[in-house]
Each structure stands twice: as C-alpha cells, then as structure tokens.
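Per-chain numbering from 1; labels A, B and C assigned in written order.
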Amino acid sequence: MAIIETRGLSKVYTLGRNKEVVALNKVSVSIEEGEIFGILGPNGSGKTTCLKLLLGIIFPTEGEIEIMGENQYSVTAKKNIGFLPENPYYYDYLTGPEILKFYGKLFDMPASTISSRVEELLQLVGLYDARNLSLRHYSKGMLERIGLAASLINDPKILILDEPTTGLDPIGCKETRDLLIKLNQEGKTILLSSHFLSEVERVCTRIAIFHRGYLLTSGTLDGLLKEYQAENLEDLFVKAIEKFDTSKEQMSV
Amino acid sequence: MNRKLNRILLLIAIFLYIPLGLLQVKINYRRTLENLESRLLLMPGQIAGSLVLSGFKGIAADLLWLNIEDYWHKGQHYKMLPLFDAVSWLQPEYITVWAVGGWHMAYNIFSNVGHEADDLEKQLDSLTGKLSDIEKKKILPVIHIAEEAKTIRENLKGYYTKGLTEKEQPGMIAKLTGYEKKLEEYGDVNKELVEIVKKLVEIPYEQILWYERGISFLKKGVSYNSEKYDLYFELGWTYYHKGQDYPNAVKYLEKAVKFPHPAYVDNVLAHAYELNGQVDKALEQWEKQLKEGIFTDIAKRAIRCIKKEGAFTPKKRRELGLSN
Amino acid sequence: MKKAWVIALNTFQESLRKKTFYILLVVALVVIGASRFFSFLAAEDEIKMIKDVSFSTIEFFGALIAIFTALAAVSGEIETRTIYPLLSKPITRSNFIIGKLIGQSLIILLNVILMSIFFIILLFIKKSPPNVETLKTILLILIELILIGSITLTVATFATDAFNLIFSFFLYIVGHLISYGKSLLERVENMVLKGLGEMLYTVVPNYENFNIRDKIVVGVNVSWQYVGQTVLYGIIYIAIAVLIGIYFFNKREV
C-alpha cells in the first residue's frame, strides 16, 4: 500500500521575462508503507524541492500528491509526518525540551503525553544532559539530533528527512543510521534524501535517483544494479546519469 | 492552496472597507461634536507647519514654554513675543498660554518698560542741573515735554491708571507722537538732553503698545476658546483692573458669566457695572448673587451700600467722597 | 485557534528572551522620567508636560516596537529557516499569521503597560492622579499600536524587510496627516483628483482618530462613545490587515 504517492509532479520557477527553471519534471514515485526510501542525487537535482512539495511548503506547478490518501495540505496527513529539514535551525533562545514541547503542542498532544515524550526523545538522541542549554549553544551535531527528536515528537507514521547526515562525524552518522533502522522496525515509513551514497546503500530498502529535476529510475538496490549492470551504487549512479544524458541528446536530435 | 477560499478572504477584506469608511464618517462627526478636532485644521495657512509636528505638538509647546520662562527671567521681553505666538499656535486650547501671555504683556512687560524711565530721569536731572539759565531758557520746551511725559507715565503707574481706555488711547498716542516731532526741532540745541527726553517720551508710548498687545493676544485666545469662561474673564479683568476701561470690562465679563465659572467672576462683573455707571445693573447682579448664595456677605453689604449711599466699589466711593 | 495561541506565546517568549525591545523600552522610560525634572515650572504646567511627553513617548516608541517586532515575526522566521519545521506541522497558514499577530500584540501590550505604570507613578508622585480620560488615551494608543503592527505584519507576507520598514514609517507619518489632508481635499475642484483623494482617505489608516492626547492634556473630556467607535475602527482595520496577510501568505512559497 503506497503511503506516499506523486503523479506527474512538476515544479517550475519563473524568473523574470521568459526565463524558467525546471526544478522538478513530471516526477511520479510511489513509496510503500514500512519501507526506507532514499532519494539520491547531486545538489540541485530536485531532492529538496520534492520534499518541500510533499510538505506543502511550496506549491506544485503540475501533478498530484497523495499522503495516506489525502492531499499534502491536509492537517490529517501532517499529523502523521515528522520532518527534519536540511541544516536544521530552531529558535535559538529556547532549550531542547522547550522546542520539543512547542512542537508537541502544535500536534494537539495532551500535556502529560508531551512531557513523557520529551524525556524519552532526549534520552533517545542523547541530549538529556544538555536539556538546560539553550539551542544557541548547541553544536551542529547537537542541532541535528534535536532536529531528529523534534521530528519524532508526534510519533509519526512517516518520517521525512532532508540530508540527515550532513555535517555529522562518522560516529554521528552511524548512530543516525542505527536509529533509523530501529524506527523502521517499529513500523515507521522513512523517506530520506541524501547525496552520500554509502549511507543510502546501508539503510534504504528502495531508492530513487534524481538528476536535474528528473527522476531517472527507482527500485530496490539489487534490482537496479542488475538492470544497469552496475557493480555498486556509485557505478549505478554514473551509468544512470549517462543513460539519461544520452537519451536527452537523442531526443534533441 | 485552496485558491477559491483564498480569494474569498481577499474579497472579505476589501468589503470590510465599506463599514470602515462609514465608521470614519461617524468618527469625524463625533470629533467635531466633541470639539476634538485640532484647531489647526481651521488655519489653512499653517497646515504646512503643523504637518511637521503632527504627534509632537504637545512636547514642542512645552519646550517653547521653557524658553519663555527663561527669557522672562533674563528680562528679554521681546524675545518672548514670538514664542507666545508659537506656543499658542501649537496648542490653542492651552488656556494658560493665552492667560499668562496676556498677563506678561499687559502687566509685567508694561511695568518693566516703565521702570526704564527711572535711570533716565536721574540722568536728565543731573544734566539740567548743569545748565546755565540762558541754556535752560533755550531748552525750556524740551523740559516741558519731559514733564508732560513724566505725568503721563505717572498716570500709567499704580493701581488706578489713566490713559489706557479705548477712548483715551488715541488722544494719548497723538500727544506722544506730537512730542516726538517737536523734539526733533531741538536736536541741535542740546543733543544729549534731547535724546534722553525722546526716550522718556517713547516709554509711555511703548507701555500703551504692550497693554494693547496683551489685549489683542487675549482676544485671539478667546477666538480659539470661545466656549469657556477663562479668557473672557482674563480680558474682562485686564480691561477692568489695568485699563480702567469699564465699558469693555463689562462687555467681556458678561460673556464670561454665560459659561460655567467660579464665583469671583460674578463679583468682578458687579463691580464693573458699578464703575461703568450701570448702578442698577450692579444692584441686579448683587441681588442675583444673594439669591444664588454666592458670596452672600459681600452681596448683602453691597446691596446695602448701593441702596443707601449709591456706591460700594472703593473707587466709586472715593469719587463720591464716601469713607470705605 | 489553539494552535494560533501556541504560536502567539512562542512569539511573545521570543521577544522577551531576545531582549531587542528592551533598549527601546529603557529609552522610552528615560524620556518619560526626564519630563519630571521640570519642577521649576508651575505645578499645572509640569503635569501637562509630563502628560505630553509620556503620551507621545508611549505612542512613538510603541510604534517602533510594533514595527520591529512585526518585521522579525515573518521575515525573521524565513531568514533563520525556522519556518520550515513550523509549516510542516499540522497548522494552517492562517494559524501562523493570527498567531504572530496575537504574539506581537502581547508584546505591545506589555510595553504599553510598563510605560504607563511608570508614567502613572510619576503622576501620583506629583499628586495629580490619573483620571478616566488618561486611561482612555492609553487605550486608544494601544489599539493604534496593534494596528500599526498588524499592517507591518501583513506587508511582511509579500515584501522585503527593507521595503516594509520604509513603507511602515511612511505610513505612520501619512496616517497621522491624512486627516489634515481631508480638509485640503474639500477645496479641490478637480473631480478626478478629489475622487482619488477620497479613496486614499478611506484606504489609508487614520491614526489621528486615536489621538485625543492634545485635548486630554488641556482638560477636555472625551465620550466613551467616541472611544468605542474608534476602537471598533481599529478592530475592523486590523481584521482587514489580517485577512490580506493570510491571503498573501497562503500564496507564499518559502
């Protein structure tokens, strides 16, 4: 059962006279419940655009989005989503527990639930000892971790993470990876974007490759490796882009 | 986003301008009714200046007021004048400005200018003392003028002034101007002496002008505060007390009592009637006060004195040769 | 609405913790306090001076606080990107705008209360306790300030900070002068110009409606009816501003 589905999703930015930038071009992708889906691609390939569209932060030029059977703006859909933005930044004058409580209240969670969740999450991401520190004193890694905690405050069914390991040291990366796998085993569907191939390789059940706003291909890692006769993900990546560039050339000819 | 719903929001917003506009009309009406409109609106030529000050008129007026106090203490009377105008222009409903301004001009500056004569008189005395009989004879008209000027000044001094009423003023001014002209003929005979006498003639002239300035200032104040007793009373009092100009005093005091006012205003009106020769009206006024329970003791005495002796006000009594 | 309230409290807390408005508040209090040092004037004059200075200070510094708080509200969130996690939560965009409006209004209220308390204490020291008219004046100033803030908030939903700042100050001045313009308008003969002028008069917020200070300070009394009408005017205009703000924010991509 597809928990997230996009059909012909496009985003075009108009800059001035007759100048258009196609950030996303007719992307149709389907994410099943319970999987860890990775969106791969270099910077500017449309990964973040796709995620922002899913969250209703920006609006599609064309196409449809369905999240748990509803459109992306529905409050019901959002109640079941947890989002970790790229380079997360929160109100720096608040402490960790305060920011989590703030977001918790936006989910209409009862106060007692919020309090217990906050404690639980702080322990989970290892920030319990820093609970009295305001966010302006947090390191980048700490911000990433509180961001993760914030995305989990409502115990969401769907977790959307934009470049979750940017700026993390190897230990941080491993911890995040392990946590994601654990959350997935608890039944959460995870959609993440990354340009770190090794991360994606180790964690995702299915992947999609983006390039210049296009969805090049999607499927299980093993399946794709076979299809493109690639040895590893890096090889797959390069071959997929080559194939796309070639077909584009042929089309223009 | 739901485009249709969004557009409806915008339409509602635009639609709300209608009741807003209607409400503004009501507010404007209320503002005029309750006299909340700034008087500056009625002075088209000064809108430009007031545009600059908009929210800070009060503070600007207060700061200028400080300057006025400063100049007063330094004796720089002329510098006070434009400031009185400025403050009263900024806050025309600030009654104190008009009242104090009028008082400064008609009383304090009037008196200060008068005192400038003291030194000059001393100088004149010492100069004339040094003259020989022949020289004195040549300069006799000038000395005569000096004496006349002194008399006029003396008449302007003290409690009961002479020469300030509307009737007397033109005559006074004509006299003083005449003296000035005459003095020019004697300029070559004794320059120093003539200069001093010229100044002595200018002084009462200036005093009369200051009295008039005070009166005009108060009149201007009345035009902005025509629904209150205060400035009518100030005018009435200045005419009565300083100018001994009873017809004008009565005129303004009668206006003052038409508005809510303190009891002493009635008293002054009664006195003014008496001194204006309207003894029957004075009696009427005292009887009214007795009825209304205003200063009943004084009213009783006044009624008794007027009925018995024909006068109650000290000045009138003195004229009739009665004791106080 | 509950979520709007959550955002409102967060906005309020932000201003308190960030201490940005403290400077303005302190300067305002110093100015009000300075008016006390004119004791060499006659008693009546000194009271008038304290009132003049205090009312004008509360209004002017209140306007500065309103404008700067409103600027930080929307563009602050966009610039620091704290808006992303916020908009991904189950809140509507109207929740956001209304929440911000309530939050900044709380800040304005707090500032007005603090400045007013200080001013009233001064009056008590000078043995001239405030009367109802004083409170009416402060109430109208408060509504005016919330209105100023709401307009800046609305403009922030579609314009840059720089434009908004200039526009807000410009509107502050024009809003105070528009009533003078109306009387000039009556002399205009050109119908087109007159029509445009009338439209402008209705559209631009008339901040002078809220100004009864000049009269209160010289002892004129103002009716509750007038106060009520003016407060209603403020509320309607704030509603207009909020609706327009929500309209633009609904279309805004961050």
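A few remarks follow.
The rule is short, and it goes like this: a residue touches a chain if its C-beta (ideal position, glycine included) is under 8 Å from a C-beta of that chain, and two chains touch if they have at least 3 such contacts.
Here the structure is a predicted model, which is why all the values come from computation and not from measurement.
If each chain is reduced to the average of its C-alpha atoms, the one that sits nearest the average of all protein C-alpha atoms is C.
Ranked by C-beta contact pairs, the top pair of chains is B-C. Here the spacing of subunit A and subunit B, counted between their Cα centres, is 83 Å. With centres set at the average Cα position, the gap from subunit A to subunit C is 42 Å.
Put simply, the C-alpha centre of subunit B and that of subunit C have 42 angstrom between them.
Looking at subunit A, residues 59 sit in touch with two or more other chains. Counting partner chains per residue, subunit C has no residue touching two or more of them. Within subunit B, contacts with two or more other chains are made by residues 1.
Residue ranges on subunit C touching subunit A, taken from their complex, read 2-3, 6-7, 10, 13-14, 17-18, 80-82, 84-92, 253-254. Touching subunit C in their complex are the following residues of subunit B: 1, 6-7, 9-10, 12-13, 16-17, 19-21, 23-24, 26-28, 30-31, 34-36, 38, 40-41, 44, 47, 50-51, 54-59, 61-62, 65-66, 69, 91, 93-96.
For subunit A in complex with subunit C, the residues that touch the partner chain are 52, 55-59, 75-76, 78-79, 81, 83, 85, 87-91, 93-94, 102-103, 105-108, 147, 150-151, 160. If you check the complex, the residues on subunit C that touch subunit B are 38, 40-41, 44-45, 48-49, 51-53, 55-56, 59-60, 93, 173, 176-177, 179-180, 182-184, 201-203, 206, 209, 211-215, 217-218, 220, 222-223, 225-226, 229-230, 232-233, 236-237, 239-240, 243-244, 246-247, 250-251.
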